[in-house]
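Taking it in order: structure first as structure tokens, then the write-up.
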Amino acid sequence: MVRNLVYAVSRLPAGGHHAVCRSRQGGMTLADKFTLSEIYQKGEPGLRAAGYARTLPPDAASGTPLAANRAYLDSLFFTPRFLSAVKADCSSAILGTPVKVPVFCGPMGGWSNLGDTALVETCRGLKAAGAMMTLGIGGSDDVQKAVDTGVPVAKIVKPYRNTDLIFQKLEDAERRGCVAVGMDIDHFLGRLVGDTVDLDDTFAPQSEETMRQAIAHTKLPFIIKGVLGVDDARKAVDLGASAVVVSNHGKASLESATPAVVALPEVVGAVGHQVEVYVDTGFRTGSDIVKAFAMGAKAVGFANSILIAWGAGREEGVRQFVELLGAEMRRTMSALGCADCASLVDVKLQRIVT
Amino acid sequence: MVRNLVYAVSRLPAGGHHAVCRSRQGGMTLADKFTLSEIYQKGEPGLRAAGYARTLPPDAASGTPLAANRAYLDSLFFTPRFLSAVKADCSSAILGTPVKVPVFCGPMGGWSNLGDTALVETCRGLKAAGAMMTLGIGGSDDVQKAVDTGVPVAKIVKPYRNTDLIFQKLEDAERRGCVAVGMDIDHFLGRLVGDTVDLDDTFAPQSEETMRQAIAHTKLPFIIKGVLGVDDARKAVDLGASAVVVSNHGKASLESATPAVVALPEVVGAVGHQVEVYVDTGFRTGSDIVKAFAMGAKAVGFANSILIAWGAGREEGVRQFVELLGAEMRRTMSALGCADCASLVDVKLQRIVT
Amino acid sequence: MVRNLVYAVSRLPAGGHHAVCRSRQGGMTLADKFTLSEIYQKGEPGLRAAGYARTLPPDAASGTPLAANRAYLDSLFFTPRFLSAVKADCSSAILGTPVKVPVFCGPMGGWSNLGDTALVETCRGLKAAGAMMTLGIGGSDDVQKAVDTGVPVAKIVKPYRNTDLIFQKLEDAERRGCVAVGMDIDHFLGRLVGDTVDLDDTFAPQSEETMRQAIAHTKLPFIIKGVLGVDDARKAVDLGASAVVVSNHGKASLESATPAVVALPEVVGAVGHQVEVYVDTGFRTGSDIVKAFAMGAKAVGFANSILIAWGAGREEGVRQFVELLGAEMRRTMSALGCADCASLVDVKLQRIVT
Amino acid sequence: MVRNLVYAVSRLPAGGHHAVCRSRQGGMTLADKFTLSEIYQKGEPGLRAAGYARTLPPDAASGTPLAANRAYLDSLFFTPRFLSAVKADCSSAILGTPVKVPVFCGPMGGWSNLGDTALVETCRGLKAAGAMMTLGIGGSDDVQKAVDTGVPVAKIVKPYRNTDLIFQKLEDAERRGCVAVGMDIDHFLGRLVGDTVDLDDTFAPQSEETMRQAIAHTKLPFIIKGVLGVDDARKAVDLGASAVVVSNHGKASLESATPAVVALPEVVGAVGHQVEVYVDTGFRTGSDIVKAFAMGAKAVGFANSILIAWGAGREEGVRQFVELLGAEMRRTMSALGCADCASLVDVKLQRIVT
């Protein structure tokens, strides 16, 4: 099954693969199959060609926790149990919504900068692969377009200084058929772009009362994103959240904040028995997802990686990317003797610093 | 509030920002706003153009503790509490003198090498931003010029072999209106420039008797700078000092001496209840200051960074630099749920080595 | 004895050594003697010239445990006891078969891609040096050719989805005179080539019943290769294996699996009193072998290194390579005061992370 | 006093310094004064110009403990006590022979390859600076030349397979006026040059009986060099040695042997109360010597560094090098509040891994 997804590069005539892609104006047909590393290598040029201008992490800004996060993840190892290999199924559910791969596309704005169809193509790719979409900043149009593709959509509302906007957007998301809503609390104080703080006049810290009202205001499950410690995790549960996302928000949250991978087991230990805990920040492979689940996560977010996958092959690139994540998850789970995602929490990770 | 200080580079026409600066002969108007990383990138050329010839750390000299100091600082992380975000105020006091940002410019000599106005421009920038100036080697003229700008000035006297000079300079500083005096004991044995010892014929270790007399000789609070361990910290308190600065003196103190960041919590633990403890060496950002306060510091010194800020924009560069430090401090404090500097001491730092 | 194996480079006319080799069309006479580092430097070009196209590890694929494995091995140090130096003998036995050097060539396929004689030349080199050959994927012809050289051969059968093939190949190996058989369980789920999974339609996880039958089916001792933890080790013993190989299968097993060097002492602790434990993955020198024995290994596998040695000098390159490993082993053992391989298990390794 | 030894580079006309040296055919007058880092930078070309062909460590051979040794040394920090600064005297004694700086030139052979006068120039430089000379492989002529300069000389005899040679050389050394003799036991098994073993037909492990006889054969104190652990240290004491040198013999001893800096405190703990313990391997500065003394060493050997110093300035280069080591020692000792070498053992080192 795994093999169907990949064309070993060595089986293609040298150079020909690239040439074919280019002759189709950067497009891609179903006949083109990639590996994860090929998607990572080829996607960014495609993304740039489509007009994407922001820096992709990791960047060189001093003090951001991204490098530590990735290095920490790379220092974690698991122990195969080949003689107990089982057929593995990586399907799961995110807040009750079934997913074939326990992955969501992180909430990003500015889809229209990538052309009229980028958002819809991404949603279709996610739907085909069985993952979830989340939306961040952006209007009702984006929500409608995304929902219309049939992919399950969660809308992560920004912490607007104008709290009316929050309630309007929550209502809008519910009305248009989102499966969940939420808020990224790590933008209470604006967004870091490099070391510039941006949008801090538009966003603002929300009072406990507002948060409680917002969560009560919707029938949908509410996700609090940007939790990096036990205090925020416990408060999120107390406020009525159904799930938390442990996240450094790419590099847009706070310099020198605990790396998400380090925070994850602490948050799971504190509230994992009460709410679903997800994680994002720097995850790139199916093995990475398995590590997150071993630390108690119930889903993993990919943001820049999915943009890159879209850059590599539009809808098809996104679909293949998520399916490759799933395939690698299943192979790893099989090797660990874990038949399903629930059993991954028993996998012991060993940290090796060299 | 933060946003007023910065122009996101991406909003400027490509290349235009630099061009404008250059067309003003390296000058700068109030309309030019920078981020911290822009100041760090642009300041050094400006400083060099003004004739600054010394090496800026870090340098390659073997065994200096600067690299370890910076790496240690970068390995410290804190845990945001966004759901407990508060409006933060980073104003404080240094030995009773109010500061808007708990920052002082480290004592440096040779201001006249940078032209007639560099010292005054720096002092004005510090005053505008609400920080403190300290002066090191240099004469009465420099003290007078600095005090005349209205910035609070502390004079850190050198440990002259000719002890009369020490007493004269203390008297002079007091007479001209400094708010504090002090001595950098890490120059008892001369100054390291690379691995050359310099000025060891001019400076000398001071006896306990001389130190005690010097401290008693002035009505001003006395700061002992260059403390790196518990012994010196306790002795400083016993001699009558009101504050100590934990410091590697840039790279000019002693090879393989404890990095200041490592020494800081030990010194605070020993004497933090008796005197104010400050720190310098390798600090660059507002997040760094927050870490220092979490370890018990009451102010942080910046020396080369302020020279660089001056290089980037003269008085305005210095003002913006300190205000950016303050803005980053406040944003970080808000995210940590700390309304004021005093509460930062309860922030727990987590060391992550990868 | 050591010295007979090596020509110090400095004793050769500058450049002449290389020139001579090249004038013989990449061939080599018995007069050419190399050091280990020369073999490593010169072998790869020779191997490439013979048509070898696959990547030699370490590669850049994210998450593979090879770099951690090598770094961990390099962080282990032993304490010489020169004043207790003894004459050392590194001969040993692998499953009862005597070896002059406790080394085996790891099971590799595709020998015919290197020409008609590569397999036989390698076997002859191993035989001359007193090591063991193992064969992986490949047919009866290869087994016969290898056995005919007189080198002891172990056949490591692949975990074919078609289990009949397994039994046929075990029988064939026994009939043709192999000294042992085995299976690499880390290919239950196909082979990793970079991040592509290959041959997963041909291989498959084997049931406990099949494994037990296969092991019972042959009179030869059975080696289970690809063990990386206590679970698989214990299960291997329970199934009737006579030996296990702790291995990451180069980089072809599983991303982020425990590095073999880290797993080795755990596996030895669990089953070392019941079966022989071998190790491979990233070993390069005689000192490395000594470390493996200090952790309880009874033999060490070299795969790519032996290909490289063949590239450096065909049969003679392989022979010299293994003899150099033995010579370095003996010198190290002498310095540690260990007369034989059995006593190496008392050597204490000290891990130093810098 | 320190300052007299150094000319800050910045005070010289740009480029002129180099030019002057070169115009004197690589020679040097007393007017040229260097810093340690200048000697390290400039010495190697001079050494090469004089015909020195061997690799200077660190080299790239895999597994040698030199890099770990240096990294470990660099991870050690001490805590200044400036307020307890004292005038420091770094003079000491090596086996009863007074030295102004507790440094010896490590035993090296092949002096005649550097010309007729290199050995004598080096000895004179050492004598002028108040350090000790040791000789390794080489004949009576070298011993006589060295002794005739007036420098104290210790002869470290090789562990000749022909034991008569050992006794002859011990007698010769005593007769010609050496102050001590010894043997480098880490050459029992030949010398590593890269990964080539050299001279293993000339040298051989010595029996306990031979060692005991050799030590008893001379009236001079006997130094056992190449100890890296407690076993050899205790045995050396039992055999009658007066001192041991903890050493990796540059890179010529044994791959993956405990780094000397790691072994030093263990050896001191075991036998430091019975014999003098010295150390070499990778030491470069006066601060490094202070660290060695803080770990209990009574002298530090420099080999390649002294060759480089000779390359930088012949006799004068060696003299300046050792005096700079002494000056840096004294400055560091003063800052640590240690008046003499004996008190350095109370200095606490802090290991900081970043």
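Just so it is clear, A, B, C and D label the chains in written order, and each chain counts residues from 1 on its own.
Following the convention adopted for this analysis, a contact is a pair of C-beta atoms (placed from the backbone, for glycine too) under 8 Å apart; a residue touches a chain by one contact, two chains touch by 3 or more.
Predicted model only: the values in this text are computed from it and were never measured.
**Q** If every step must land on a chain the current one touches, say how few steps get you from chain A to chain D.
**A** Between chain A and chain D, the shortest chain-hopping route counts 2.
**Q** Considering only mean CA positions as chain centres, point out the chain farthest from chain A.
**A** D
**Q** Which angle of rotation, from 0 to 180°, maps the CA atoms of chain A onto the equivalent atoms of chain C, to the nearest 5?
**A** C-alpha superposition angle, chain A on chain C: 90 degrees.
**Q** At the place where copies chain C and chain D touch, is the share of residue numbers found on both sides over half (same) or under half (different)?
**A** Counting shared over all numbers used gives less than one half: different.
**Q** If you average the Cα atoms of chain A and of chain B to get two centres, how far apart are those centres in Å?
**A** Spacing between the chain centres: roughly 41 Å.
**Q** Using the touch definition from the top, which residues of chain C touch two or more other chains?
**A** Touching at least two other chains: 75, 353.
**Q** Chain touch graph shape: choose line, ring, star, complete or other and state it.
**A** ring
**Q** Between which chains is there touch?
**A** Every pair of chains meeting the touch criterion: A-B, A-C, B-D, C-D.
**Q** Quick one: in the complex, what on chain A touches chain B?
**A** Listed in rising order, the residues are 53, 61-63, 65, 67-68, 71-72, 75, 185-186, 188-190, 193-201, 205, 208, 211, 224, 226-232, 235-236, 239, 253-259, 262-263, 353.
**Q** Quick one: in the complex, what on chain C touches chain D?
**A** So the residues of chain C in touch with chain D come to 1-3, 6, 8-10, 35-37, 74-86, 284-285, 287-288, 290-291, 327-328, 331-332, 334-335, 337, 350, 352-354.
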